[in-house]
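Chain nomenclature is as follows: A, B, C, D, E and F, assigned in order of appearance, with residue numbering initiated at 1 for each chain independently.
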Amino acid sequence: MKVVVSVGGSVLAPNLEPDRIGEYARVIETLDEAGHEIGIVVGGGPTAREYITTARDLGANEIELDQLGIAVTRLNSRLLIAALGEAAAPAPVESYDEGRAALRRGDVPVMGGTVAGQTTDAVSAALAEHVGADLLVYATSVPGVFSADPNEDDDAERYEEIAAGELVDLIAGIEMNAGSNAPVDLLAAKIIERAGLRSIVLDGTDPTAVRRAVETGEHDGTDVVP
Amino acid sequence: MKVVVSVGGSVLAPNLEPDRIGEYARVIETLDEAGHEIGIVVGGGPTAREYITTARDLGANEIELDQLGIAVTRLNSRLLIAALGEAAAPAPVESYDEGRAALRRGDVPVMGGTVAGQTTDAVSAALAEHVGADLLVYATSVPGVFSADPNEDDDAERYEEIAAGELVDLIAGIEMNAGSNAPVDLLAAKIIERAGLRSIVLDGTDPTAVRRAVETGEHDGTDVVP
Amino acid sequence: MKVVVSVGGSVLAPNLEPDRIGEYARVIETLDEAGHEIGIVVGGGPTAREYITTARDLGANEIELDQLGIAVTRLNSRLLIAALGEAAAPAPVESYDEGRAALRRGDVPVMGGTVAGQTTDAVSAALAEHVGADLLVYATSVPGVFSADPNEDDDAERYEEIAAGELVDLIAGIEMNAGSNAPVDLLAAKIIERAGLRSIVLDGTDPTAVRRAVETGEHDGTDVVP
Amino acid sequence: MKVVVSVGGSVLAPNLEPDRIGEYARVIETLDEAGHEIGIVVGGGPTAREYITTARDLGANEIELDQLGIAVTRLNSRLLIAALGEAAAPAPVESYDEGRAALRRGDVPVMGGTVAGQTTDAVSAALAEHVGADLLVYATSVPGVFSADPNEDDDAERYEEIAAGELVDLIAGIEMNAGSNAPVDLLAAKIIERAGLRSIVLDGTDPTAVRRAVETGEHDGTDVVP
Amino acid sequence: MKVVVSVGGSVLAPNLEPDRIGEYARVIETLDEAGHEIGIVVGGGPTAREYITTARDLGANEIELDQLGIAVTRLNSRLLIAALGEAAAPAPVESYDEGRAALRRGDVPVMGGTVAGQTTDAVSAALAEHVGADLLVYATSVPGVFSADPNEDDDAERYEEIAAGELVDLIAGIEMNAGSNAPVDLLAAKIIERAGLRSIVLDGTDPTAVRRAVETGEHDGTDVVP
Amino acid sequence: MKVVVSVGGSVLAPNLEPDRIGEYARVIETLDEAGHEIGIVVGGGPTAREYITTARDLGANEIELDQLGIAVTRLNSRLLIAALGEAAAPAPVESYDEGRAALRRGDVPVMGGTVAGQTTDAVSAALAEHVGADLLVYATSVPGVFSADPNEDDDAERYEEIAAGELVDLIAGIEMNAGSNAPVDLLAAKIIERAGLRSIVLDGTDPTAVRRAVETGEHDGTDVVP
């Protein structure tokens, strides 16, 4: 199966400790060795937030902040590449074509952000679309797609399954209300919808959840169905 | 004044005739010589649409279609560069940093698209934000921002002025309803809002309208106010 | 067999309709699957001519016109890449070394122009020389090499076979007389001669003619013999 | 005066707080406005150390660790660029030629590391040599060159002045004893010697010390004399 | 006046001695300081020939030989750049757009070859066309354009003046006869003709001849007139 | 076995004659075909020295001299690539990641220098570390590591074996005394030590010595043991 896994920065490297990253590497290697084709997109996480906060104080504009964030996603990618060793393409992948080429020659591409104005949520969906992935997994810090922000609303309920079109509507609504957190951003949701990508949003704090989802389709998150 | 002008592909080169492009070049040169700093972002227009239609028939995915569209925006950029001669940076600009560097050394950067998933509407707003533009002008094929799609609804009214936040809401609403045309896309509107960019959306079929808007602030389109 | 096929822009995409491109893709896939190593060079065709005409009107110099033409050859390459899907290198190839590397790892390289002052005729011959091709096929809009321009001279006769040295002389003579069309340009002919490349010039409007020529050596065009 | 300033990562961004970076930006702007030509090289500091520690745990080799460190120096460069605004070249400079070109056109180049196996100490000296700098300032976390490691040896004395040749010998001796800290590394010292670069090593925790050293030649560190 | 000077490799560096290169640098600096805009294209000369001979023996194809030759033209360019110091763009220029950009910002671009299949004769003419040069000077090892090869035919006469069209015919004739040396190659001559470039072919063994030709129009070579 | 071979420029191309290069190519092909993974790093040799001497006379700084030297290492790389044909990556490799990627896909990477301030000695060690080589062979113009410079001291004795730490000390001592030649430079020795690289320094004038060393571990040079 061809799978793109989007690993949030706070999920991969909550405090830069090697354990979580090593566990992700083992999951990816296991899937790779089992014959799956795996592409990874890594987020920025806490390091990105720290740099962005400082740069904003120093008067950086939002484009410069995005550029900082992208640079951190590539730093984080290098950590995962180091842990993957020979399985991974040796340098962070910077374009969709490069990601596709790596996958085709049997390497695991590890990709960060691409350009200001585009999150790694959207990069993940675009990479999945470009390589014709069978499955896109978002390993995030929330355990799925909810009817409301679970941190703010006790009645928030997790969807076991949601249609891609509904996901777009839900997120468009969330993005209207600044301050709320969407599980993936609107551009990502739109790409998922248009590409008919089978997707899963799950809690990535346990990397083996990703492995189980790929191998068995079972998980405790949300299925986004085309 | 530092100004970014976004020229839609159908506005710049509706049928690849040189007249319109030449008129745009003259407007830009006039503004440049008057001491304004001008950056240009060019869209894809009819050529992009033709290539995209054919590629879709051939089984291209949306990322590949975007890549084709971006390649055409750079082709169109070369036409404008040829017409601008010594005033322009000699090759199409491909990143925000490059655009900012060109502007700083006194050249007119002419930029097309950047990466799949990002329109030239959004590129224009991002470039304007990155260079700290005083004004962003969208020279489009519709004469401003309307309460509804003027091609479909006779009661559609043009806003003389609209707040950036309202623009975001309006476009979010439009994008919900597939098939309707927004004057600029949602990401562009959000960048305009967050950056507090003074913007004008106007009918670009007459290039001198751009010149008048920059020189006098007068125009028949819509002011987007921060 | 290692083969470079040069597909003229007017042959591949006379009016950007997908059918012809799709047929070429099928021919290439068939040859690829049969174990042949195939490299493709694509020309600019009508879109290049339109952009060049407009740019010339706008005062572009010939180097800028060539740059536009090259950009269009890469656009056209993307169409063929989209149609080829997994068989092709995912982005247009821009150098001879890249083309050779793609071929070696089993991908079909699709290449356009390289630099101002060099046509895709010459690029095709140079790529063929660099990869050590067994055969170079020019799929053009004229059905072979003629003793005179068949559009202007009723007595023009098609050569079934011509020695590479004679081809050089013939084309040198044609290029002396502006306005006449050579089947390939002089630099291409010289490379064919010096490299001792077995070449075929044939009518490419029927893509299966290319397949037949590669598979059986039979065709209705002209054999250029070393 | 043409000056290259090497700002250690722990000096520029000990904990990523914006104050120190902002002060450095003001010092650079002041010198720039006073007509000095300033080039900056930025180190990796604590963020680099954190990433390197984690990556080493994950099995990265030293080349990969250096690559991580270089990526962080460029992140840090972006912070300083954001604070410098229009005075700086808009993106981190990655080669000596680029640094020289930026300086020549009146921009402040901000550079990080270049390639594995070369520290920013050495990059600073090489940039200074390449641009023909009149002065090279190392703004470090130790207040000069000492006869021994001041953190380990109470009798360590600071040199007010040291010849470049002696500096090379001193550092060669220090590098023999693993665990000891040299104020600059051996390659840097050798470049300083061969290029006859007037250099100052000073405590960079107070950025105005750099300004005073450039403007008056006075400082509380060590003069390295050619 | 805007001038492109093409300096043959055997003229610039007949045996890699610094004197000739230094004299060329002084001539260029003098012209630069006098307000002329100067672009330089440098050939490969004896070093290129040695490498090419060896590589041919080792089985290199002609494309690889051209690549070697191009690499040597860039080596030679670096020698001239070193001698020019601050007047020159700091690295060899590799594209026509880059050369034009350097000239515009007041640097002397020093360029070598571009791509296999294109000589530095042709590169010089193309650069001259692209920057809109008023004059193109070929500083070669023969003292002008002759009616026949002066080394082989005692009756060979030097043209004081020749029309560009006649030059094309003359060179086409020469290229027919392998072994004969043309003063510039056919592509160069064709670009000169189409661009209407005023050109001079002169003996470059005395660099001051180039200076005199630019400053006074006087020389002992051949004027190629549009 | 994974092996990096560092071939000094004077060893590979003492006077640019093809024989030695051809012999090296045959040795590499033989090892490649026997299943070893081979990476090559090539030095600058006499051509580099000539260019550097001339450029120094012309006032080049040491960074520019290094850049010239690096350019020559890539020229020499192209000679070896030509001789290797299909076994080698088609263009000189310019980064450690690229070298690793080439090796992984089964090509022989041929690499020259990387950046000013870093010799090909150090590049060889760094590449060996980055690819996880089992063996690093320095094919040099001296037959091993000596207790003193064998050209100056008759009592100089060759080490059959030396510990990496001792090698570092030995070379540090040699580098103190300008004018003396070290078999490899200090940075290279340090990388060998830290990476625990099994290394051999041997006389490369007979290329088959490299083959014997790889195949049997036997040689007449010096073993550097981790």
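By definition in this document, a residue touches a chain if its C-beta (ideal position, glycine included) is under 8 Å from a C-beta of that chain, and two chains touch if they have at least 3 such contacts.
These numbers were taken from a predicted model, which means no experiment stands behind them.
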B-C, A-C or D-F - pair sharing over half of the A-B contact pairs: D-F
Remotest chain, chain D as reference, centres from CA atoms: C
Chain pair with more C-beta contacts, D-F versus D-E: D-F
Centre-to-centre distance between chain D and chain B (centres being mean Cα positions), rounded to whole Å: 43
Averaged-CA centre spacing for the pair chain F and chain B, given as whole angstrom: 54
Rounded Å distance, chain C centre to chain E centre (Cα mean): 31
Residues of chain B touching at least two other chains: 64, 67, 97, 105
Touch-based graph of the chains, sorted into line, ring, star, complete or other: other
All chain pairs that touch each other: A-B, A-C, A-D, A-F, B-C, B-D, B-E, C-E, C-F, D-E, D-F, E-F
Sites on chain E touched by chain D in the complex: 86, 89-91, 105, 107
Contact set on chain E toward chain B in their complex: 97, 100-101, 104-105
Touching residues (chain side chain B, partner chain C) in the complex: 13, 16-18, 21-22, 25, 47, 50-51, 54-55, 57-60, 64, 67-68, 71-72, 74-75, 78-79, 81-83, 85
Residues of chain F defined as touching chain D within the complex: 61-64, 67, 95-97, 114-118, 122, 126, 129-130, 132, 169, 172, 175-176, 186-187, 191, 194-195
